[in-house]
Amino acid sequence: MIDFSFTILIPLLPLLLFFVLGLTSGKMKPVLSGYIGTLGMFATAAMSYFVAFQYFFNRPAGAEAFEKIVPFNTVWLNLTDKLHIDLGVLLDPISVMMLVVITTVSLMVHLYSMGYMKGETGYSRFYAFLSLFSFSMLGLVLAPNIFQMYICWELVGVSSYLLISFYYEKPAAVSAGKKAFIVTRFADLGFLIGILILSYISGTFDFVSMTDPQGALITQGTPLTFMGLSALTWALALIFVGGAGKSAMFPLHIWLPDAMEGPTPVSALIHAATMVVAGVYLVARLFPLYYFGAPDVLTIVAYTGGFTSLFAAIIACVQTDIKRVLAFSTMSQIGYMMLALGVSGYGENHGLGFTASMFHLFTHAMFKALLFLGAGAIIHAVHTNNMNEMGGLRKYLPITHITFLIACLTISGIPPFSGFFSKDEILAAAFENNKILFFVEWAVAGITAFYMFRLYFNVFWGKNTNYKHTPHESPLTMTLPLMILAFASMVSELIPFSKLVTSDGLVLHIQTEWIIVIPSVLVGATGIVLAWLFYKKESAIPDKLVTTFATTYKWSFNKFYMDELYLFITKKIIFKRISQPIAWFDRNVVDASMNGIAWVTNKMSDSIKGLQSGQLQKYGYVFISGVIILAFTFVYVWFK
Amino acid sequence: MRLESFLLMRHEILLTVALLIILIAELSTENKKKISNLSVILFLGVTVIGFLPVPEGLLFGEMYRTSHLIVLMKNILNIGTLILFFQSAEWIKQTEYKNKVSEFYMLILSTLIGMNFMISSGHFIMFYIGLELATIPIAALAAYDRLKNISAEAGIKLILSSALSTGIMLYGISMLYGTVGSLYFSDMAGANLNTPLQTLAFIFFFAGMGFKISLVPFHLWTADVYEGAPINVSSYLSVISKGAAVFTLTIILYTVFYSIMPMWKNLLYVVAILTMTVGNLFALRQQNLKRFLAFSSVAQAGFILLGIIDGSGLGMASVVYFVLIYIFTNLGAFGVVSAISVASGKEHIDDYNGLYKTNPKLSLLLMLALFSLAGIPPVAGFFGKFFLFTAAAHSGYFWLVFIAVINATISLYYYLLVVKAMFINKNENPIAYFKSAFTTKVGLLLCVFGIFAIGLLSPVYEFIRMFSNIL
Amino acid sequence: MLSQIPLSYFLIVSTLMFFIGVYGFLTRKNLITILMSVELILNSVNINFVAFNRYLYPEQLQGHFFALFVIAVAAAEAAVAIAIIISVYRKFMNIDVERVDTMKH
Amino acid sequence: MDFLTLFVVVPVLTIIAIVFTKNMKQTRLVAAVGMGIQLLLAVALVFMYLAERKAGNTSEMLFSHSYVWFESLNIKYNIGVDGISVAMILLTGIVVFTGVFASWTVEYLSREFFISLIFLSTGVFGFFISLDLFTMFLFYEVAVIPMYLLIGIWGTGPKEYSAMKLTLMLMGASALLLVGILGIYFNSNAGGGELTFSILEISKVHIPMAAQRMFFPMTFIGFGVLGALFPFHTWSPDGHASAPTAVSMLHAGVLMKLGGYGAFRVAIFLLPDAAKEMSWFFLILTGTSVVYGAFGAIFQKDLKYINAYSSVSHCGLVLFAILMMNRAALNGAVLQMLSHGLMTALFFALIGMIYGRTHTRMINKLGGLMKVMPILAVSYVIAGLANLGLPGLSGFVAEMTIFFGSFQYTDVFHRVLTISVAASIVITAVYILRVVGKILYGPIVNKEFLKLDDAHWYERLSTGLLIVGIAGIGIAPLWLSDMINESLSPIMHQLLNVIVK
């Protein structure tokens, strides 16, 4: 086993790039900053691969389970006597896997952006933000303690905000960024309170000691209760709220579709492949705690995941903005992963869900990044997001077309692409534990295939649209990532996840269950066929369906009015009903009472002015009465 | 009685001699300017000689007594008067006064003699004579300005109010005499004074002193007299006359009425609150600076009571210290108002708008003086007030201190109004720049020095404190 | 002879004089009359002093002397007051106390 | 002369030097040099302090000197620093120095302006080095009163009104404070010794409970008003809105910290029993401050008002943490003071610069500034992010320390309060992003803006320095937090005694 302490460089290199690019922004030639960013990312990726290779395949002989290694750790801040925040690196199967995912996708996006963002103002700013994001995300996955994770959690949030609002002159982008940040911030509050409780009861932030199944926290439990639930349950539930916010689980998902206002490579990197799965990663990270400490919460996780995946899939069917379709698809897929974690067991051979979830995370990152980058290439070519304005693009964009098709097949769970395997495992895990959820997910698999191919057919086949400018294939910088990712989507299943990434670090033995495989492939195929029927050529069926299910369509098209609900809460409740009254109260009650004191003083001054009448005899009168009153009062009081 | 015993009362003797010299000079020369200079120089000498160390002692069979503290008080009054003389030198040269220069100095000196006797008195006859000697000439001074209606009005208001208050006070003293049988302070201090009749008598007496110090409800003459009298006379009234009365009251309360201390403490409690509050409320609404300063001085008198109320050496020290600071501070304020009044004839607050543009130094000085009156560090007023409050707190009157500080905040409001006028308000037509006379400058610079030095230099306080325990 | 008149008679007279003086001070309109009222007050004080001295403390003469001083000082006071009243008359052309109120509030 | 007194002497000398300057250029140069020396002294003090501690000096206060002032009352000019004061002095040094640069273009009565400004800073420095209640109170008032002139003369809008309100409210607060201090003084001989104003000596005495009950609220509210304690905070929005840039910076950045520092050093340290007993009430008030200020900020339209309410919220957090009275929370309180001081100074500096260019502070009249003045805009974003507690910037460190400290209490009352207060970070995000979105992002609303220029060198210097400070604390808080932590031991000892009793 080699010394892994160099891994600290993996996050630090992007940080350095951020500072370099940020400070030289506007002074350096934009192209140069692109090169620097990409090269830096390439180095990071290379290191990550090296780490992954060393960690997974260069183990000391005879080691059974994958160890959790903390090659670097330093105290950053002492909070209380016991608690201190450390910054460091934790290597274990999931973090190493995430390293690979993040650096891969990030590198692809860096590369892709060199073409996509060419000529944009703020090119180097873009790369600076990307580097900031990469740093934060890598720091997040490598975090050896929950607090570092929280720190990076916030940082990815802000990078996401900055990147969504990248086109800061576009009001929609600005408000989307704001929305994303505030919604996730709200969820993070749950995360923070969760951490507060968790650290209080466990006395540590450290993941390794916290999640140790033989550790004190799990074996002894926590006596503190509040409203009938143990403190640990509360903590984990609140932490899950944080995860749900970041991973756009219902009902905290509303920011994700809007986040598509950002540049497409950003959507690919942050809002498809990496940041949005941070919630899944978080639950996975704390999985033993959830499993042993708060199985109830795990059930909630499962149902939330299941519901979100269905909900998002339904909405995705009727959206016309291609990026939004993909965004809802992302939500749906993350729902899968959450569900898988929720139904998973721990150790022995029960950890199928866990492995499946991680596996799906991996494959999803690849194919979803591919989808987004493909969508980017399409948008780049036709300058619109609306799929109704597209059609027949397969002639103009051959590479994009093929890679996009591969991605669609992958997400639809068609063998032999990787998505099939990962989704299949999830279904198997769900089948074992919860039949209802299994059926939901099975149905969602079909819907997924339907809406993905609806998109695919609408864009690449369908009507021939007249474009103002003839669309043309993107430059190599953009197509190369597409191809690489397509390749990855196709071959990811070759990675032996069940051997590498398991809940307890030991090898998981799984066998293929045909009872699940066959229906799932079938349902995927059905979806595709339906889409083919509806959208391959212009057809009247969709419109007919729309009129038949008018209400459902309307609700679905409007995303079940979740945005409006939130708007109502923020504008009507917080702004109008809380903030405005407080501002009013402050001016007219608190401040007015302070001014009132001054007013009263002045009034008093006015009201006693008659005392000083200018009349000598009145003065004498006051004098005498003063003497008499004082004299009698004192004589009376003193000699009472 | 040996001859050197007269050294004990050298303040009075020197002042009398100075008075006579001025009188002779007045009779023998036509050049009034010289009289002015002569008076200032003479008085400078008196002041300096006053500082020479002398023993303590009693004279005239205890009718007159002196101690280091009393000498100190007299010296403080002398310093104040000296500054006043410097500030008045220019004012007195104006044409409307030029025929009665020596009257001004002589009347002032005679009141000063009266005050000195009042402070040194050991018997009520001495006290009464000193009091009247300190009051009647001031009434004449108030009516000094023959050309103005308000000056005559001020004079008549002062003399009649004062006569009334003296009458009431004497009535009180007569009852004390009837019950105790002696008018010696020492006999009075040894007697039992705790009967209802004596309490009544005491309050009559207190009313008379309250009149001199302008305590509410005996203060009503103050504003009218200050406004009507020539400005330097108001200035004299507000610091020297008031200071002397404060000293006397404190000494009498601490010695003669020591046995009924709990009673007068309560009385002072009530009167202090009334005085501060009413003084402040009236000051809020004033537009004429003299009247404004009159009410401010009423309020300040209320603060002084917080020192007196303590009834120990700490209280005495804080009172003397505060009066010392108050003399410098208020003379500073009055000095500026006087200088401006002499140069431009303006006394209204609105006239001061934009003064800083044209007369920055005077504005700064007035601001310092006002801040000192308000008790803002690092100028001396802060220390003065702080020690007064400390004295009150020493007796456990924390709520009284609280009310006092709230009042100090209100007072800050109106002081800031003047500051605002000078520094912030815009004015198309501000008071034009003028050059002050040398004497005025000296008078004002002494004030600046005092305003800064007395607070920050602790030896001053320690010096006063050293003598305050021995009464 | 004197002993047939009790002290209280003197005190009653002096008290009456005192309050008559006060009443006069507060109600008379003429400045001179007001001055006279003040003199009444002072004289009531004098009666007090003399009576107390004679009846209660005859061995010393403090009260008598006080009364003498009060008389002397009152004369001086009256002189100054009348001088000022003349000044007021010159300025206001009458000596009605209620007219002398140019300064107020 | 001892080293610490230099902190008072240097500003005074600077003032004297300014008196003799001829024109604005000379004046500001002298001011900059004087305050530069002051900043260097502050930095030197930090290093000296750390070196001294490293060398094993464990006394409670370092570099302490005591000169008898008013002997009979036992008033001393008693100075000394611990880690907390050192940190505050450094903060003040930075803010004042940058404040001078932020007012680089003050032309109207520039001499008087800088004199008042530096006079104010003298008070602040003096306050932080004082270990004697009398001296402390004196410097406190020295710091407050120049505000009147600074706002009244050089302010904008309803400046006379705001200046008067601010001054009177703060002086009214000092009324309570004065009574509190005298109360402590006259109870400082409970152990049988001499009456004293010395904080260290009083801390060793157990003041009778009845006195504590009376004087704790007085001192706490007295200092609390300066720390914008609800409902006595209303001087702050108007005052800040009317004040000139450097004054807002100093006032929000440093002067409001006097409140927190004083509440900590006097109210809690000297009257711990009453503090424990009454903390619940003040916790509710301060908790209200935090949430209320944040909500209040959402609705405002004037940039300075937004920031003023934000300050109410953040300074409320300081007092809240102080009242929690455990090591972590107190540490957090001090960190929060530093952090808030720097970031709010940055905010006000930037608002001043933006206002100087666009002549408006209304968010609905601003927009798209990122395009015209990127440096200022980016700095504003950084300030905003620091304000909403982004990791890597100072606000986060402070807030987290406070939350974790407050969470050490196990009862429902404290927990609920802590959680409600923690919720303010979300509200903060709302108003910060609202402002950023409105004024910096979006299309340019006014064609005139296109003519505007970006930051000048002196503006860059002042914002840059503040950003370095903010990021410095945010990235490497350990040394600072440890320095503060160490200095908390005496007070913790005090408080532990209380618990044991």
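Going by the order they are written in, the chains are A, B, C and D; count residues from 1 in each one.
Keep in mind that, in the parts below, a contact is a pair of C-beta atoms (placed from the backbone, for glycine too) under 8 Å apart; a residue touches a chain by one contact, two chains touch by 3 or more.
Given the structure is predicted, the values throughout are model-derived calculations rather than measurements.
Novice: Tell me which has more C-beta contacts between its two chains, B-D or A-D.
Specialist: More C-beta contacts join the chains of A-D.
Novice: Return the chain whose centre of C-alpha atoms lies at maximal distance from the corresponding centre of chain C.
Specialist: Result for the farthest chain: A.
Novice: Cα centroid separation between chain B and chain D, in whole Å?
Specialist: So the centroids are 42 Å from each other.
Novice: Quick check: how many Å separate the C-alpha centres of chain C and chain D?
Specialist: That gives a centre separation of 65 Å.
Novice: Roughly how far is chain A from chain D, going centre to centre by Cα mean, in whole Å?
Specialist: 36
Novice: Between chain B and chain C, tell me the centre distance in angstrom, where each centre is the average of that chain's C-alpha atoms.
Specialist: 27
Novice: For chain C, which residues are shared contacts with two or more other chains?
Specialist: Within chain C, residues 22, 25, 34, 100-105 contact more than one other chain.
Novice: Indicate the residues of chain D shared as contacts by at least two other chains.
Specialist: 168
Novice: At which residue positions does chain A touch at least two other chains?
Specialist: Within chain A, the residues that touch at least two other chains are 598, 609, 612, 614, 616, 620, 624.
Novice: Give the list of chain B residues in touch with chain D in this complex.
Specialist: Where chain B meets chain D, its residues are 317, 371, 376-378, 382, 386-387, 389-390, 393-394, 396, 398, 401-402, 405-406, 408-409, 412-413, 416, 419-420, 423-424, 458, 461-462, 465.
Novice: For the complex, give me every residue of chain C touching chain B.
Specialist: Counting only chain C, the residues touching chain B are 18, 21-22, 25, 31, 34-35, 38, 41-42, 44-45, 48-49, 52-53, 56-57, 60, 62-63, 65-66, 69-70, 73, 76-77, 80-81, 83-85, 87-88, 90-92, 100-105.
Novice: Can you name the residues of chain A that touch chain B in the complex?
Specialist: Its residues touching chain B are 598, 601-602, 604-606, 608-609, 611-612, 614, 616, 618-620, 622-627, 630-631, 634-635, 637-639.
Novice: Once bound in the complex, which stretches of chain D touch chain A?
Specialist: Going through chain D, the ones touching chain A are 165, 168-169, 230-235, 237-238, 292, 295-296, 298-300, 326-328, 368, 370-371, 374, 385, 388-392, 396-397, 400-401, 403-405, 407-408, 410, 412, 418-419, 422-423, 425-426, 429-430, 433-434, 437, 440-443, 477-478, 481-482, 485.
Novice: Applying the document's contact rule, which stretches of chain A touch chain C when the two form their complex?
Specialist: 609, 612-617, 620-621, 624
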